[in-house]
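Beneath this line is the structure, given in structure tokens, with notes to follow.
Letters A, B, C and D mark the chains as written, and numbering starts fresh at 1 in each.
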């Protein structure tokens, strides 16, 4: 049996669960991997949740303190799936502790945070990767192949959309996501970042862009107690949504191609209406999910 | 039987044919019209084509000179479906002759021409309408009803696309369409104008916009002789395409809604990939044709 | 101008209207026809309706008695779009009067009627055609070309469906359509006949078949007065539906291909969900309308 | 941590792999299961393949002889994913050894085999289930809910299709699947069985049916050596395909509903074009996969 790589997950919300399942399943899809992930530990500050995750998925241990993960010699790689405002601190600490990191987007609250994490990874000589998983969607891989092989000719223009309803309900609680200080950007970091990654993956570098943003639900109710995910809050005191619900964008690629990118987190009834349409001088290709 | 209204068609290319069929069929769809169109005359300078049209569709007469139409007392209304650079002259003359006009877009080579035609129509006290026929597409009418009735809540954002392949073939001849002097704008006037009309019909006035344009096929071969429509030319001397193949655009509506608009005339394999997607706080609606 | 062929329409319900529009438009689509249809007369026994049709569509005259049409020397061809139980009598009379006929399906109440009409047409030496218009739908023509050219290999199996909601409402009145004596068969003649025609057009002769039928709405209310089309009747005395709402069928073609055919007139919410799927040893093709 | 249930997989082709992954993932989807599957052993007679499976998926041991599995006291439940002709022998042995079984369809070569397995399960007092996994597809579960809640009214008719291309290539080798002695039925057992299960799940018992079958690829080349799955064989001696490539079927349900069922294993280009359409007196629902 191949060697094991000890892995840990820091932050066990919806996304921590996704990373954990990925570790459990990766060898089902890639049987010839040189390493076998072994679920060492999971960190989550909500009381009891780390233990629950360990019981369900088979982590060897559980903790409420991510610093224990950094100190754990059994751990070789760490998934960082905590809230945005913790990304920088945790990621830098893990890199400095010599752990490879797989971090969720956005990498911190802004470009400064992302740069700091990238620098720490480089300096520590570890591997770092960001959760731009849409690159691996079969339709995206197929499109990439069609485009790079020249099958659709020279690419002329592209449309990329990411419409989600995760913030569509006006009674969705005013969680950290909607605050500049703890969430950073809004749909830009949450969804548009995937779109930009997709654009660059499929069409190459972006030379320039013009964008506009909008807030469509300007106020939400403050939650009574601690919340996680996208819970509802009614009757609470109203507070301002500080970051954008929507962004649209005109793109110019260095190749000369043009494009539009739209992302929205308040699209009613569209759980994951994501898609791309790439047009070239000899054909086009597109992919869609949900909608 | 109801009274007749004498109608004429000036310019008998593909679009002149469409207007003629519309006159022949309008009472099939609107049986209670107060007037019955009567096909009086058709003008087209290509030798023989007006006579052919008269034989096929039943016009009472045919001519190569549109001025005869302006002078014909039997004619009450005129369709102007000639090339763009003739729109202003013909339309002003018809209005001054007291004829109602139904003119194709774009109304001339630019805003000055359109303004001049509008002024002539007002001054003459005739009726004038532009061929923004997509307003009457059933899907558009249904969307308008959904939106104005509040069924989808407050509109937040819209996407409108108009992708066509009419100029997609790189060997398409360098006709008047690609010249500033005779065609005016490119896809802006040909397709994007429909999109702007649709946007205003569905979402109301546009407060501001930012747009970008591109030419994807910068040179085409000059045709050997006279051409009509979208014929091919190979071997001819190359000349520059002077107007845009593509436009993308960010929109802000006075209502606060946002949007993107894309139009392209060189979209390979998309004969008429037109569509709109309107998102609101309680739902969305969309329509598509071709694609 | 080409010679005229005087045409008449007998029975001016929804289908009579369709035939009339077809005459008015046929030269728009087939400019090189050797004859030009001229709308001579329309017969409809509902008082006033023939005159109304003449005013809207431009028939030269109107009558309540179809026998006048048979006697009219100006008439060269007749559309027979009256109720089913009149098909045989009118068609035989028209053929005997030397008129070409374009008759709607089903050609009478059963196979005997259809045979009698076919014999009369042959004997009189006139042209006769049945309203199997789906053969001319672009998707069907394209499929026919794909199949006959061998593009999809040897055809192995087919599915044809014709689902409509014209009798879906349980309060739809018990009109002549639901009676054996005046309507003959139910969905077999109305819709399945199109399917059988399509099957034979696309795959050739049918060697044998097994079918089953069902009545899903066994009773309907008798209408108070005269009715036309698919009006509603509530409160009326209930009477039995005498012919089938649904048919399904296994097909064996002489080519060895197999198939299923389904037709239903009580499919809620499916105005015209018609379609075919043809599978061959090298590919498949399909077409759909509505649904 | 919850108690473990030792599981084994007998036969490690494509389907054995699917069962193994299901055991590895079941707690990801059903966190509150009372038992936790533990991969004890895998049996596969192709040399080396069981060891490979153990290495990839983490079975504690591996064997070429399924009888060792029956004798293994650590094993509580067994997946039987061997070729059809072994189903009966293995399943009866496992039941008699007190193991619960999860067996793939068809349960043996015919109704006798299936009955024998069912009897053995009952007599041994173990649990037995057949791999009719489509019942758990989200679209099927949603349709079941819509139908049983009365949302679409009384069900009138249904269409179920299962079109696959696994035998579409005429050079696919003449494996055991095409022999009566080792494969039993053809597409009836492989795909139509899923359709019948789906029909009964959604609409209840079937009162009667009429079916037809066809062989579209009557001969295939015998493979040179041992084969697994759907390998190609060219140049080999031709032998007859003994079971059906295609079946179509008219259904009458005890509820009075009607239906058609089609299944085909030689549908070119349709990897898994499976679907159902259920029509009721107040609406319809449908689901599809692939196509």
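Keep in mind that, in the parts below, a contact is a pair of C-beta atoms (placed from the backbone, for glycine too) under 8 Å apart; a residue touches a chain by one contact, two chains touch by 3 or more.
These are the chains along with the protein names UniProt gives them: A, B, C, D = Gfo/Idh/MocA family oxidoreductase.
No experiment lies behind these values; they were computed from the predicted model shown.
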Reaching chain C from chain A through chains that touch each other, fewest steps: 2
Most distant chain from chain B by Cα centroid: D
Geometric centre distance via CA averages, chain C-chain B, whole Å: 37
Distance from chain D to chain B - Cα centre to Cα centre, in angstrom: 58
Chain centre separation (chain A, chain B; CA means) in Å: 44
Residue numbers of chain B (touch at least two other chains): none
Arrangement of touching chains [line / ring / star / complete / other]: ring
Contacting chain pairs - touch in the sense defined above: A-B, A-D, B-C, C-D
Chain B-touching residues of chain C, taken from the complex the two chains share: 1-2, 21, 24-25, 27-28, 31, 55-57
Chain D-touching residues of chain C, taken from the complex the two chains share: 152-153, 156-157, 159, 161, 163, 170, 210-212, 214, 216, 246, 248-250, 252, 256, 258-260, 262, 264, 266-270, 279-284
